[in-house]
């Protein structure tokens, strides 16, 4: 509770600054596509009452949930494998880099040809968008695991599979969770992009519609709602992370504790 | 039972320099023997133990247990690590039960055994703490309990009582001896305390540094149980043996100091 | 010169349980005194040292040095850590020179001083190695050298010789005493060896566990230099004092064991 | 006053023409800009990714003239932006293509029908056509951004029908898939008065720089006339301004545009502008009530034609 | 295994991939997936033209600018967020919001702020790259072992000394993971920035070709982009290896390399 209270003033301060900067800029320079802060706020409220929005969110989130679940199920084990096996990593690395840098917008038509138009290709795109973050961070996490723990586990007869589940996975978890947060961000992006460029169901369709009609306030309201959802998901991931990796705080604490009695 | 012949191990560091930790070392440990291992810091004791545990690939030589060359780590051996090597995310009980869990012991059973050992180590009440919440000596005891929990045939202990106070050390020594007499594992026990080496060992192996090998094996022909009840050596029974070890080690130490004035070989 | 009054420190773990490490502890250390600190494992020795170092915020009480309450860590104090706390990416020399570097000592000078201390610690030839390439005892000596390098007024040493062999320990004890006599820092030295406590200390502080506080201060009225030249205590000069400490600590230990049968307070 | 427009010595002008992902229909506009440049003015061309960005720039005065979809321009005008429609880019070139055997709208009942987003002109025209001819039977609309993706989806059988532009249709043919699609409806016939792509300009620019504006429109009308005289002119323009276009397709596309007389910048009249406005109002893109004289300034095309 | 270990992995792996591409491309015979040889031919034609080179040069300049800004800003903000609860409280929401936001939807904002020139493209690159670097740096800084920090503070290290001497070195492995992700994202941002506001450079070629179903050209540009990215990432990894040589090996098969 005290932590929450300590953070609140800063959050309020920056939010006020942010809102003021937005509003002032929009008034000075805003045009058809840049609504003011308060306009957007009003439009957000109005949009939240629209059943159309909730339908769109429902449609979009199907792909998000499925795609991200697949990214986690594949990405975490793969990242750990790559962190553990040098030879494998050396061969796979270049493909990982390619996956990371390929502009997905360009491969969307390919994907459509391959998986058709529908949930499958939207899901696939969300996965492709987010999986790299999960893999790269899981791998970095494995690198941070103290090798003497692996030695210890081996001395107790742990096989490779058990080293994975009992040592590497928990040890890499803080970094993996960072990857999950990054991946979640990318997954939401993927969910929207695929709809903007390809299958404009769901919230991407709303964005296209409002943009096409030059309705800036609801356009930004949609974006605000998408971002709010993403922040919610990331907070949930944070919450899980805190529960799963409380141990890392016994070995890693923050600055500003030292000194005289409090 | 453990037979080591011509064991050599050279480490190459990131700049390509080499350090020879073990050089043509040989050592035989009999079945059920309690062997203590003394030697200057950095002479290769930990390396030797890890080789026996099957954790460190060595360059040449053989290590056989019961006549079979070792193939990596095995369930017959367990090691207590000098740096404890506790899982920072697991509670005391879970750390102690780690080896049991790997061997597929059911949850209830392994928790019970772990709790017993935790109490034996004087850590009752700390079962749910994380390693980061324990003092150094407490952490070390968790590492010991973990190795004892799996009841190995060969117990490899790397300075297991280095971080605990003398009183606790005495208690733990007694517990260890009691366990050894009951289960009769073969023990290789690294220590820096000559008194401890004599108190516990059937034989004391003295290791020299560079070349890292076993220079001398000193039998300890004292009746067991020895000096039960603790207290410092007020009677002087072991003083002679301890003094001998001291002199031998000092000789080796001085040789080593003069040898070592260059870069490490 | 160090005055500690009513010092209390309670840790709260992740599940909200509390462990009282220090409870109304008091201790005065005179200027230039060499104080050794003995106590059961987990009684709060490390916590006390970290409080003096200004690293751990305490709940109540005061710590004054030369009459001024401490405000976090200061350049007047240096600590040798029980778990070494070496920087894994820095070479031996860079680790030893770490404190000097923070104080802005020029590169050439700090390297020279570090190299000297590395040699004193018996680590010549290992200057460029990384901590991961050293044995446990070697790492510990790097940690000691780092603290000595900054020539602090107050030297806080947490079981500094726990991982080195007896011969090296004797040598290091001698080096430490020589340094102490030359520079006259105030030393608080945690150890588990009663012999060492008596050999080094002007006074021995005995700590009890739960409540963690200094239970007794035992003056060591023996002339210095003491027992130079090493070797075990063959003459029996210190035996009496050591025996007294042993008995006191065992009493405390037993009390503690009976008290502790519940959960930690 | 105009940030993007500055006067040069000698009565000449420096201004910007914004185009959105220029395709074959935009090359006459580029050629007209070049013609104005030859008169000594400094004409900059920017290529933007979305028509909305061009409109925004026009409304801000950063750009003087732009040419693309009419819908966003009308939206902006409806919201009070200082923009006026001044000429036509291309007449209604959209048509619905469907799987072979798709004869009429009723065949599409409940079938996947690819549309662009809500609010886009092709979507509006498709829905208008469905309303007018299907008598209550509606297809299953599937929103697919990007006309290339939609064309591919049609060819691959993912959807049963979709509206396409001529260039998309020709590109589809040249990939050897033409036999798999058939034209179901031609919006040029069902909605001849709707002009989905027009040239529009910043209103202040038009009043302050009438001569330059007129020069531009006149040049555009002339380019269109030359294309209608010979499709080869269009091919040459494409070659000059869009060198990366597939050289095999261009002559065929050009021929089709010419034969159907789609290029006529002066084709705008108060009547068909009003019909276009009414169409967009019907489709909910703008509110009803906008008048042609407020949305368009047809004096330039009149002047150019005379 | 040991034979595999000695071969140059990346080229081999790429060659294998290229072969698979060629075979599938030929076997499938579909327009949207031409074989590699066709794509390379097209690349050759485009290169001979000369305009491609100018585009690439321009794009690279944008990339360089954008990446430099992203890395500097990302590491500075990341460290500040990792070290201070206040900064984290103040900025955390925005970082995560912007990390999540599809940069595409901000095209109008960039357009308004920077116009349609280089500024907007560089802004898109920064938008793509900077947040990954921030998040990873902050997480890395928070995971620095407390006992090292404690040690340094006992030697009188203030925040100014803690950072370069303890926090940054200890956090380097994770920061470098973030930098690598960031550089990769920057390359994507480079192309997308040239596609979503002002259509220039390589983005122009892709847009054009994509609009006319010219898969070979699209893929040819992608090849260039990927090549640029692989070089950039190889540089990052070389730096990573130099900076993190000390990290004890958790990986198998790392010994005696």
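In order of appearance the chains are A, B, C, D and E, and numbering begins at 1 in each one.
What we mean here is this: a contact is a pair of C-beta atoms (placed from the backbone, for glycine too) under 8 Å apart; a residue touches a chain by one contact, two chains touch by 3 or more.
Every value quoted in this text rests on a predicted model; they were computed, and no experiment measured them.
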Chains in simultaneous contact with chain A and chain C: B, E
Maximum centroid distance from chain C, chain identifier (CA atoms): D
Between chain A and chain B, centroid-to-centroid distance (C-alpha), Å: 47
Chain A and chain D, separation of their C-alpha mean positions in angstrom: 39
Whole-Å gap separating chain B and chain C, where each centre is the average of the chain's CA atoms: 25
Chain A, residues touching no fewer than two other chains: 31, 33, 109, 113, 146, 196, 247-248, 250-251, 258
Junction residues of chain B, two or more chains touched: 14, 83, 130, 133
Sequence positions of chain D contacting 2 or more other chains: 50, 52-53, 56, 148, 152
Residue ranges of chain D touching chain E (in the complex, touch as defined): 21, 23, 46-50, 52-53, 56-57, 62, 147-148, 151-152, 167, 171-172, 175-176, 242, 244-246, 249
Interface residues, chain E side, partner chain D - complex: 31-32, 107-108, 111-112, 115-116, 195-200, 204-205, 207-214, 217
Interfacial residue positions of chain D with respect to chain A in the complex: 50, 52-53, 55-56, 59-60, 71-72, 75-76, 79, 81, 116-120, 142-146, 148-149, 152-153, 156, 158-159, 285
Touching residues on chain A, where the partner in the complex is chain B: 146, 148-149, 151-158, 162, 166-167, 170-171, 173, 245, 247-248, 250-251
In the complex, chain A residues that touch chain D: 31-33, 108-109, 112-113, 116-117, 195-201, 204-205, 208-209, 211-215
